[in-house]
Amino acid sequence: MKPDTMTMTALDSKQDTVCIFGTGDFGRSLGLRLLHAGYNVVYGSRNPKNSALLPKGAKVMPHEEASRTARVIFVAIHRENYDFLASLSPALEGKVLVDISNNLKKHQYTESNAEYLSMLVPGALVVKAFNTISAWSLQSGGLDANRQVLICGNHVDAKQVVVDIAHSLGLNAVDRGSLRVASELEDLPLQLFPLWRLPLRISAGLLGAFFLYVLIRDVVYARVVDNKDNSFRIMVSLANKVFPMVALVMLALCYLPGIIAAFLQLYNGTKYRRFPDWLDHWMLCRKQLGLLALAFAFLHVLYTLVIPIRYFVFYKRANIYISLIKENKTYEFKEMWAWRSDAYLSTGMLGFALFVLLGITSLPSVSNSLNWREFRFIQSKLGYLALLLCTAHVFLYGWDNFLYMSAYKWCMPSSYMLSLVVPCIVLVFKTVLIMPCVDRTITRIRQGWERPGKAGMGKDAKNSQPLIL
Amino acid sequence: MKPDTMTMTALDSKQDTVCIFGTGDFGRSLGLRLLHAGYNVVYGSRNPKNSALLPKGAKVMPHEEASRTARVIFVAIHRENYDFLASLSPALEGKVLVDISNNLKKHQYTESNAEYLSMLVPGALVVKAFNTISAWSLQSGGLDANRQVLICGNHVDAKQVVVDIAHSLGLNAVDRGSLRVASELEDLPLQLFPLWRLPLRISAGLLGAFFLYVLIRDVVYARVVDNKDNSFRIMVSLANKVFPMVALVMLALCYLPGIIAAFLQLYNGTKYRRFPDWLDHWMLCRKQLGLLALAFAFLHVLYTLVIPIRYFVFYKRANIYISLIKENKTYEFKEMWAWRSDAYLSTGMLGFALFVLLGITSLPSVSNSLNWREFRFIQSKLGYLALLLCTAHVFLYGWDNFLYMSAYKWCMPSSYMLSLVVPCIVLVFKTVLIMPCVDRTITRIRQGWERPGKAGMGKDAKNSQPLIL
Amino acid sequence: MKPDTMTMTALDSKQDTVCIFGTGDFGRSLGLRLLHAGYNVVYGSRNPKNSALLPKGAKVMPHEEASRTARVIFVAIHRENYDFLASLSPALEGKVLVDISNNLKKHQYTESNAEYLSMLVPGALVVKAFNTISAWSLQSGGLDANRQVLICGNHVDAKQVVVDIAHSLGLNAVDRGSLRVASELEDLPLQLFPLWRLPLRISAGLLGAFFLYVLIRDVVYARVVDNKDNSFRIMVSLANKVFPMVALVMLALCYLPGIIAAFLQLYNGTKYRRFPDWLDHWMLCRKQLGLLALAFAFLHVLYTLVIPIRYFVFYKRANIYISLIKENKTYEFKEMWAWRSDAYLSTGMLGFALFVLLGITSLPSVSNSLNWREFRFIQSKLGYLALLLCTAHVFLYGWDNFLYMSAYKWCMPSSYMLSLVVPCIVLVFKTVLIMPCVDRTITRIRQGWERPGKAGMGKDAKNSQPLIL
């Protein structure tokens, strides 16, 4: 064979034929893209005559005939219409059937569509793939999130064929295991930030409650009692009171479930007892709580750094200078104030820097490159340090304000005091947990020890449940 | 068998032999690294005598003899010299041939080097690998980017052998599919930020144009008309006018192609019509446009926050205070100004925070963990919100300036007005698109519906083209 | 078969049986999780009677009997106790043995536990997996870092079975290659930031030394000579002197080893000569040095932006204004000062922005998406630009201070001068290296050329060593 002939053969081999059952939107989009990538495309259809909408260049045949032309068949039809495939079983024997279907809601059927398909056509090599790709993005091709084709199936060779097709279309293929994973893949496109819902609701609730509190205390009070209009302060000053409160409380809420869990284990005397569902759920969304807290902390930093640029601040400072001069005074230096201002700024900045570090290590690619000792060191040790610094930041900010009546307008304490409640609870109980005697017991329990006489895994079996997740 | 003997066997088995054809730089670097990892290395060479430059410990033999010593043979020679391998076919039967070659430019040959090699030696198991690793990094080993060995090939076992070798050398191996992907892998090392070129050029163009405009309006005008030297303002003040303009325009340019595409689809009455090439290309580099816009927004934030530290600002403020006192006035509080200043700061900060969020979700590891509904929600919904906030930020910054003549020096409007043109166009047309009647049509078209009487996919086939990417 | 029957079969097939040898903590945690995921779990034990602690629902049998019930057997026992498995060889023939063991320290044994197991039971298909998962996280399931199950083994099918189990448990499985990689996987959980140690020590050393220096020069000197108490300046002012110094020196230390390596190669006349160990180690942790430098630069930015909010600054400015007015002066505008202040702020901000860009491209997912040309362009070209900008930033900050005696209290130069030493050395030698004549030689050497008469790879072989990593 001469090189030139070889080259031709190579190009020919690219002209693989792919069959698509179904002429709906996804089938057509996929066909177009396959044609453009150099494949021959054959559609299987009940009415091969009625092919007006199919992409130019594709052939249309009855299902059985179409399935003979190709090794790979994309099943772009709804699960409800799978039944007729059983009658095609002989023609589909040994073919790679790619199930791309999705359901309308989670757990719609007892088994995944792909497993159902593989039962209908036992002789076919069923691969689940492409269901996480949208028809629209298959065409426009631009968005990154859609580049990833998740694949599962029981036959390595069959998966390899689908991986190749995905690559030909400019997509990345990720093998996720056997067909058993299919139901997980089918649930993927249905969810919209499942783990973010609770944290988002908590932050919205805190944001609303704190804002209302601050509004009443700072604006309504000034209007009613002092007859002063402070409403312009809402945009920046009030926001910059609410954001750090939400951030601090949510950061503390990240660490609270771990502490509750530890005390539960201490009380139960074993770790092999299931936590209540709410605690499980809370623990699962700690990362999301933390990231939202970081977002609010970031806003707090921005809103704070912008202070000297604000017109209101410029005005206030100007008048301080002017009145000082009019009264012929110099501005007296109080060293204690310098210490205090620098101390609360420092703790705040260091706490924020640690917080950013925690956020960075939460990035999937970074946390995957850490082993669990490293990850735990950062998220637990440094996390508590961040919480400690931020709590100190608020205490130093408040200083001795709590001693003066002016901090309790209408019996409402200053807003910053409110935000200290949860963090202080967390820090106090954490201090209890790291005391040597308690720590030793917890460590033993987490290594599998069970307190005698307490309900263990074996005894009192009626109450104990398999654990978590 | 006693454990001790077993241990010896295990260590022996590490002494696998690897053969390398070619004694060039890459061959020698690879050999050194393999030797260091505990492999026996045998070089295949035409002049086995002339082996002065080869690493100590490696053997050199004629090609045929060398190929008999090992199961794996690295082909570290140029494609132009592959021909002689055809004559070695019998000796290479069943061997794993690792093609590590690269070309000098893209699409130099009709088929990839690896596919060519597999045609020359049909009996060998050809694997494409290591071509994305540089010889220099193979030796120095430090840089992360080089840790990833992309591998493709048609034989699973052969790929596994190469994966193992990569791991032994401390590298990560990533299986990219069958040999068909080889041409893609061969193009990889040749590119330098292909998708960044257009966005970088656009940003450079905008930067230059806006800078010139601002320079003329602020510095040249002051010099010519007021005979004042403002040139010191170039470094920070002018930069801080240009950066936000570029950021805003580029953010709007991210969303413009999507709007053009929607109107094109409305006009065509179908989504199965190819977009013009320029629009395709534009859509593909939206992410890069957005990230550059974020970079400029980040600079704008830094340059803004630094304002109160600048000497010039300190000077200006000092003189305002001094003149106020000399004229025996107090600085009058204008509540409207407080609202305005706080409003434009707030919108700016919230817009920037959303912008940062968009940037974070553009990180590959983050966007891969989102499904397309989630990604779309963030990049589209939150993206438009960011654009809206940033546009509002500029409007509030400008306030009623546009009403005064002083905003039109030499008939040139204030710079901020210029930056509003593209965002306003985008927002207006987006408003049109989300009106219920238009939105319904667009949605139907994107679900595959085609307007009757318009050129569809099937009819008028001469004009329609397979779609995109 | 009717669909309903099929569904039942599918559910039944989920009821796979998994066997676990060992009833320690990990065995029990794994068993609980497997039970919860729908598996039948059978424990192999010496005392099947004594099963009080095992999870409810699991069966317990003698080892041999237990191994017959399942295809997959998790070996959750210590390596020291593996010996008895050899006697079970016939029963384990063809079974998938999952080795999950870890050692107490690195390189405890000559071969990995998994390889040892595979020698003891040659007929079994040994897979190394789950050792990077902690028992605690297997139960609580929440933390991201523990989601990744690293797997290696010589049998593709056996690995697939384990991948499936990992997925069933909600974990991600990553195939890392053949059993040869096992020792690497066994070392993983033992390490705690190995590459971060040197950089952390360097930064701690620099931080301490510079802080002491600044403390003596600014606080102690003021106390002793001027009898002034400056100690409140420690928290912010002094920190903000030390952070940028550490950041700049550490950034320069990232680039110093590359320069030393280049000069070594020039001196040796070859690149095929091993670097000294300290240089190798230094080069390997450049990324970590750079990221720590970025952290300090970030703190410097925060501490700088916070300046105008500080009480001390407010006080100082107030008194400047007051004294100006008292002396009936206006604050005179010095254009040179405006240039200087703006110039050092600009270089600082641009340098920091570039620095952040370098940090972002160091994220694993970003650097993996770059080829080595792109990565090198950013890390080398843009890195040197960042270093140049930051060095210029410090020079502009210092301005002509070095000319005045006040900059040398107690013969100690201003702190900023200290931080310039290393960066200047790096920049000067880099300038030498990019001069055409030197650059040409370096390039040739890096392409494999060796200077005649110098000790090459072949000649003088006693001194030359296989290279690096």
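Observations on the structure shown:
First chain written, first letter: the chains are A, B and C, and each begins at residue 1.
Keep this in mind: a contact is a pair of C-beta atoms (placed from the backbone, for glycine too) under 8 Å apart; a residue touches a chain by one contact, two chains touch by 3 or more.
As the structure is a computational prediction, the values presented were derived from the model and not from experiment.
Contacts between chains leave no pair untouched here, as each chain touches all the others. The angle of the rotation superposing chain A on chain C, based on CA atoms and rounded to the nearest 5, is 120 degrees. As for how the two copies chain A and chain B face one another, under half of their interface residue numbers coincide.
Mean C-alpha positions place chain A and chain B at a centre distance of 23 Å. Looking at chain B, one finds that residues 156, 305, 308, 321, 325, 363-366, 368 touch two or more other chains. Across the complex, chain B meets chain A through its residues 110-111, 115-116, 119-120, 156, 176-178, 180-181, 184, 261, 271-272, 283-284, 286-287, 301, 304-305, 307-308, 317, 320-321, 324-325, 330-331, 333, 335, 337-343, 345-346, 349-350, 352-353, 356-357, 362-377, 379, 446-448, 450, 456-459, 461, 464, 466-469. Of all residues in chain A, only 1, 3, 6-7, 9-11, 14, 24-25, 28-29, 32-33, 35-36, 51-57, 132-137, 139-146, 148, 156, 160, 163-164, 166-170, 173, 188-189, 191-193, 229, 232, 235-236, 239, 295, 298-299, 302-303, 305-306, 308-312, 314-315, 318-319, 321-322, 325-326, 363-366, 368 touch chain B in the complex they form.
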